[in-house]
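Per-chain residue numbering starts at 1, and chain names A, B, C, D, E and F are given in the order in which the chains are listed.
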Amino acid sequence: MPSMPDTAAARTSAVAFDPIFDVELARRALAEDVGRGDLTTEATIPAGTRAQGRILAKADGVVAGLPMAALVFRLMDPDARISLIAHDGERVSRGQTLATLEGDARALLTAERTALNFLGRLSGIATLAARCAAATAGTRARVVDTRKTTPGLRTLEKYAVRMGGAANHRAGLDDGILIKDNHIAAAGSLGAAVARARAHASHLIKVEVECERAAQVDEALEAGADVILLDNMSDDAMRAAVALIRARDPRVVIEASGNIGADPERLAAVAATGVDLISLGALTHSAPVFDVSLEFDAR
Amino acid sequence: MPSMPDTAAARTSAVAFDPIFDVELARRALAEDVGRGDLTTEATIPAGTRAQGRILAKADGVVAGLPMAALVFRLMDPDARISLIAHDGERVSRGQTLATLEGDARALLTAERTALNFLGRLSGIATLAARCAAATAGTRARVVDTRKTTPGLRTLEKYAVRMGGAANHRAGLDDGILIKDNHIAAAGSLGAAVARARAHASHLIKVEVECERAAQVDEALEAGADVILLDNMSDDAMRAAVALIRARDPRVVIEASGNIGADPERLAAVAATGVDLISLGALTHSAPVFDVSLEFDAR
Amino acid sequence: MPSMPDTAAARTSAVAFDPIFDVELARRALAEDVGRGDLTTEATIPAGTRAQGRILAKADGVVAGLPMAALVFRLMDPDARISLIAHDGERVSRGQTLATLEGDARALLTAERTALNFLGRLSGIATLAARCAAATAGTRARVVDTRKTTPGLRTLEKYAVRMGGAANHRAGLDDGILIKDNHIAAAGSLGAAVARARAHASHLIKVEVECERAAQVDEALEAGADVILLDNMSDDAMRAAVALIRARDPRVVIEASGNIGADPERLAAVAATGVDLISLGALTHSAPVFDVSLEFDAR
Amino acid sequence: MPSMPDTAAARTSAVAFDPIFDVELARRALAEDVGRGDLTTEATIPAGTRAQGRILAKADGVVAGLPMAALVFRLMDPDARISLIAHDGERVSRGQTLATLEGDARALLTAERTALNFLGRLSGIATLAARCAAATAGTRARVVDTRKTTPGLRTLEKYAVRMGGAANHRAGLDDGILIKDNHIAAAGSLGAAVARARAHASHLIKVEVECERAAQVDEALEAGADVILLDNMSDDAMRAAVALIRARDPRVVIEASGNIGADPERLAAVAATGVDLISLGALTHSAPVFDVSLEFDAR
Amino acid sequence: MPSMPDTAAARTSAVAFDPIFDVELARRALAEDVGRGDLTTEATIPAGTRAQGRILAKADGVVAGLPMAALVFRLMDPDARISLIAHDGERVSRGQTLATLEGDARALLTAERTALNFLGRLSGIATLAARCAAATAGTRARVVDTRKTTPGLRTLEKYAVRMGGAANHRAGLDDGILIKDNHIAAAGSLGAAVARARAHASHLIKVEVECERAAQVDEALEAGADVILLDNMSDDAMRAAVALIRARDPRVVIEASGNIGADPERLAAVAATGVDLISLGALTHSAPVFDVSLEFDAR
Amino acid sequence: MPSMPDTAAARTSAVAFDPIFDVELARRALAEDVGRGDLTTEATIPAGTRAQGRILAKADGVVAGLPMAALVFRLMDPDARISLIAHDGERVSRGQTLATLEGDARALLTAERTALNFLGRLSGIATLAARCAAATAGTRARVVDTRKTTPGLRTLEKYAVRMGGAANHRAGLDDGILIKDNHIAAAGSLGAAVARARAHASHLIKVEVECERAAQVDEALEAGADVILLDNMSDDAMRAAVALIRARDPRVVIEASGNIGADPERLAAVAATGVDLISLGALTHSAPVFDVSLEFDAR
């Protein structure tokens, strides 16, 4: 029964800077729920009462967000003992214990909902991501997310996508060049847009171009795009585009996008066209919650 | 074609304090997506370019979050002209224009995803809330939300629930007393928990108690609970509990909860038991996104 | 000589989230006083000097705010040993030791004024609240505070009121419905205002209405108000209103308000009218400071 | 009928940086009172309702904090028209109109309590400061404040002291050297403490030393103190010390301190000893609120 | 009774989100300098005094940071009229007017030092960057910056580098892969490190490897590095490495780094080796300030 | 070889308030560099890898900023063991070990650049300050800094100046009165400006006046200035002014300023004129970085 090593414990309860498990985000979430105080708990639980309990999975899936849940509990009780029984990215079953907790009863009860809200949402994303990734297993296609994330939770949600076994597209507008129709229109032509992007971008960034028609694919290759996004094409059109691109430059990465959805059969069909990446907004904008609960031991 | 009056315009783009459409939340969301700058737009769109476009519904539903979307656009371009064609709480159809925009092309493109992420998520919640509320129409039962909301978005999501025609349960732990099993266990008995809550609470707060069995309902009535939550009961058990409560004290409010789900038939059946409230976590934790897009006019 | 248990010590010196003893408020207060550094202490006290001392009451009264003072000292010296000899809510006498301190001399001297400013103000409120509460002892009337608090210190001041033995009215505008004359005027009538409030409010919130005349009390009862505030009435008028209300609905809570002041005789007279609550702005807006000092031991 | 000039108006409602009328302080104060929304106002006042009213003095005194009150109203309604009829530092009478307001009814009602809380507290301080300053009029003694201020309101409270006609002592620990007994003890002797302070301080800062006995005054003069604080001395002892200091160095500034209190007769007696400054903690830690109200015009 | 005019525009644009000219950074800088108030200006300049003046270059160079300086002035006086005569990236001469100002005299004087501190530092960087870029003109080598920037000013300093005509390397650790010796050691071998980076990185990111010896260059090419950094090599060694790389894969980008310094002759020599990029920490960590001043017109 | 004790280590990385080594500044600096995560380190260094290394001086100079560097490392790894071998203010030699580190390899690598950026910049300032201070050794003239500091780093840079052995001028506009030409013009005359400053300033503040001509020196003495700044005068003019001032009032402090620069010979010449202070903007606005590096031990 592995527990979080002491080091990790100290870190989460302190002010350690962490770009993913952000202590300020956890504090804001707690403040949002606790407000001026937990009226019910203060009224009914005597100060100093201890409690122990466990976080349980109420469904099968892939768990993500356990360190964030632990951070929330530790913000209410820095001395709480939290042992992670499962770990982010692990496949878990209904009824399985994900973590055990021991600490101040008031603090744990007050933190419960906020901690579970993080855990349920992130595990929901990881579980959907795992299902989608499985649908393309054995092909060269990787499922990737989009920027259609929950405002304020981008970093956590993209982490949950990775925990589910899918991959990340851009983290933000500063994290890669992706030229879409409006950029092309403003630049005058696809070629002009790519040229401007090359001149502007750092030498470490690749240039991706969204294409809706075969003619655009041609123009993109001509302009030297590093990545080509096939948007809203039929499977046949995609297959043809892939063939064309592979023939012209095998280093070019090919992404499929546009109303593909999280349906396994559809994903397998798109993967079969030979693309490298399939991007899915649904991973983050429509994943149903993964049900988790906190059960306290009878005293 | 009604537009937001000047007053509203000035307020949303300024530093006006608003507990719902929070400017700091909008700034954090923009910062999260824009990071160090929108590389693609800076490279391809000449500074000073103007653009106009419209936000379109891509499905039928109930819209919510238009002022938040407008706030996001105005944070990037305080001089953008934004006319809301639809209004929060309105039922809209696929293809319908929700708002028109005119402003700096770079700013609008950079803000697009963040604005739509708010609008899609909140409209998704409003649409689901409207569907659930419709299922109990004609009964005394109101559909209400829970505290199972997205961390950081509680106030906006509860607003979206209201826009969909459902109602709100507690905004947070400081906003009402709701005694659950752990509180009862710590207090020694249901009666003791209610007594402590009465002594602790302000005179403006009611006391609600969660009951899983008929015996608890009895004890709750005895203890003087103002609201009784029937948790995870069968429809027959609920019907019996409702009869008992109404007979004893017609002022007591009755809530049904526990794995009811957003299914219209199930909601109608629960409503038929005679309860006053049906609480649904799904309204906020599992509402699928409502699809919206921003179309720019050809230049 | 009881000391704060280790757990509490660790919590106050860490980033623990606490809606009452807010670490950010303590940091802002320290920053406000320390500015760019304590010039005198840095110049005259050698680095590494140790000090021990005690916080003394300089008057008789009720203490409140010791954990906040401890938090301030710990923000300057996380390793300081602070033992609370008295506890919040306790009646103390002039000359009594409230806490002992041992730690870095520079840190303790730099933190002294900020810590005592919190302690003196909150103990001043608790002391006044205790005096007012005593004046109504033996009656059904509870003394309650108002929203006339110091900007930025609402939560702490309302905590001090409780420590003094009085009770809290609304924590804020979102914490209960209280309909006043302007709301009635805008709604058209008292009855219309109550009806709108009922429809708008959560099922956990009661509706209170301010009445200045007997006719309004009647209208309020008719409209189904849960709580009636008798504003600026003579004692005779209050007595008559109480009789009327009790006859009509014994569950209705009655509050007296308006220029009552913190005078014990006046409070007793109002309590004798039979009201349930007497609200006093003076508890928080005009409580004189409670004198405390920090004495360092001779070295 | 003078109003705030356009420039000032624009500045207070915008994000203009102002070290006294701090927009973040105003926002925190509003957030503290409004919480998740003004339930009563939202329920009873229709959106778009306009209101006009006036802020009235309910007592005689000196007003301070009108720009802060205006800032609070403008944070809720940036388009509110606010005309200041009185100005900070002005003596006003019971019943006098201090400002007129016209704006969104919901916004003004929601902001009312927060705005008045600032105005009442600051005017209370200004009024007390004016009374104390008047008590020493005609002498060389100036009444000054201390660092015994409300946590979070230091800058505003010291501003109110100035508006009342008294003066400010140190703004914080970084704003001047003031050597007290603990510093002397740690440095070994008063002379050593002064010498260290001189070596450490910038050339723009004077060195003040607290003396409790005549011998210390001697030592302070010897050490070259710029300012001497006579702490807790009898009037006779003060008179003697003043004579000694004036004889030795007429440039040295003399301050009296210690349990003097805000009593006019006592202040006059201390001023008669010939000191330059009399510091009073009561100005900021025990000033009773100045009563103000907001009256809306009948519609 | 005057109302707020067009200043609404100034107001709203003040809060605009901008990843480069960050309003919070400007506020913190002002707060740092102004502290509790500009004592000299408040004492000597009557309220309401108007002033006009101009910002002058006191040396020849390339200007950068004018919008940041304007933002600082506007935070003190939102109604100040600021006309930029020069523009960022422009070469200016000693004595040339960069901008004219007209506004509240107190506000402009208080903001002066903070505004000029930004402008002088950023123009210093732009001027040095321009000198370095000129040294490699006519070659394929671009001068780029590093992450050796001033804490807190990364985005502004990298902007100034661009304004000077040089280019940017990584904006941060999340903005590209750059494998150095410690990463190689931990991964076991250069090839293993590149393989892990490929598997971990998004499809839009290139992989760069730092090589100190020819053997490493070979290994890097073998491993499929997109960019090769030649660190601390002699010119001859660089020339040889360039030849090798070009022969093996003309798409690979080559960067030179390590103690090259901002000396034009040295830069020309390095450029002559045929590399694509020369990175210089000195651009941001050692650029001397560019002298600017604010002259007010005589009144 | 003294090291920071473990306890203190753990705590300094926590929330301790420190006006110089500000944890929020350190967090912002880390966030600026790390962004959404250190891609290279995450990809190549296995989680849990340990590392040890040392910070080395790469040049001769005076070190400053080691506690800030330690704070940065501890924010990434609160359990890192950091032993400071050198101490701020110490003269160090090229190759000397300044500190040893042991901790989580990922954390130390990720923090490296941010920590070194603080250390290099502050040591650069301390080194230049030491060189300038040495140039006036044996004279009564102290070298002081100015307000020409890096926005956001004022407190740290002024600390580095002290560590180098030079002294500080004003910390900000609230920290002393310094009357310049624009203040004189607005006040009408130098004498009027001094009189207003005296009336406005606290009794602990001295009044300094900038003089460009002998006639102004005369006027300043007449007006009772405490400090006279000789701006942009020739050495002969300064000598004459010093003689005049010393004759009139030996207590008046004399400062020289204006394009003096960090040249030792020039500083010695100015010191020889007999002034008390020489202020140098170059100390903070143009100090070249001090080269430091972090070497990890081979594993």
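What we mean here is this: a residue touches a chain if its C-beta (ideal position, glycine included) is under 8 Å from a C-beta of that chain, and two chains touch if they have at least 3 such contacts.
Small disclaimer: the values here were computed from a predicted structure and weren't measured.
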| item | value |
| --- | --- |
| Of all other chains, the one whose Cα centre sits farthest from chain B | F |
| Pair sharing more residue contacts (C-beta pairs) when C-D is set against D-F | C-D |
| Superposing rotation of chain B relative to chain F, computed on C-alpha atoms, to nearest 5° | 180 |
| Where chain C and chain F are represented by their mean Cα positions, the distance between them in whole Å | 44 |
| Chain B-chain C separation of Cα centroids, rounded to whole Å | 33 |
| Residues of chain D whose C-beta touches two or more other chains | 13-15, 19, 34-37, 78-79, 155, 171-172, 174-178, 205 |
| Chain E to chain F touching residues, read off their complex | 25, 28-29, 32-46, 49, 51, 105, 109-110, 113-114, 116-118, 120-121, 124, 147-155, 171-180, 182-187, 193, 196-197, 199-201, 205, 281-282, 285-286, 288-289, 296, 298-299 |
| Chain F - residues contacting chain A, complex | 10, 13-15, 23, 27, 30-31, 34-37, 75-79, 104 |
| Residues of chain B touching chain C in the complex | 19, 144, 167-171, 174-178, 202-206, 208, 226-227, 253, 255, 276-277 |
| For the chain D and chain E complex, residues of the former touching the latter | 1, 3, 5-7, 9-11, 13-17, 19-20, 78-79, 81, 83, 100, 155, 171-172, 175 |
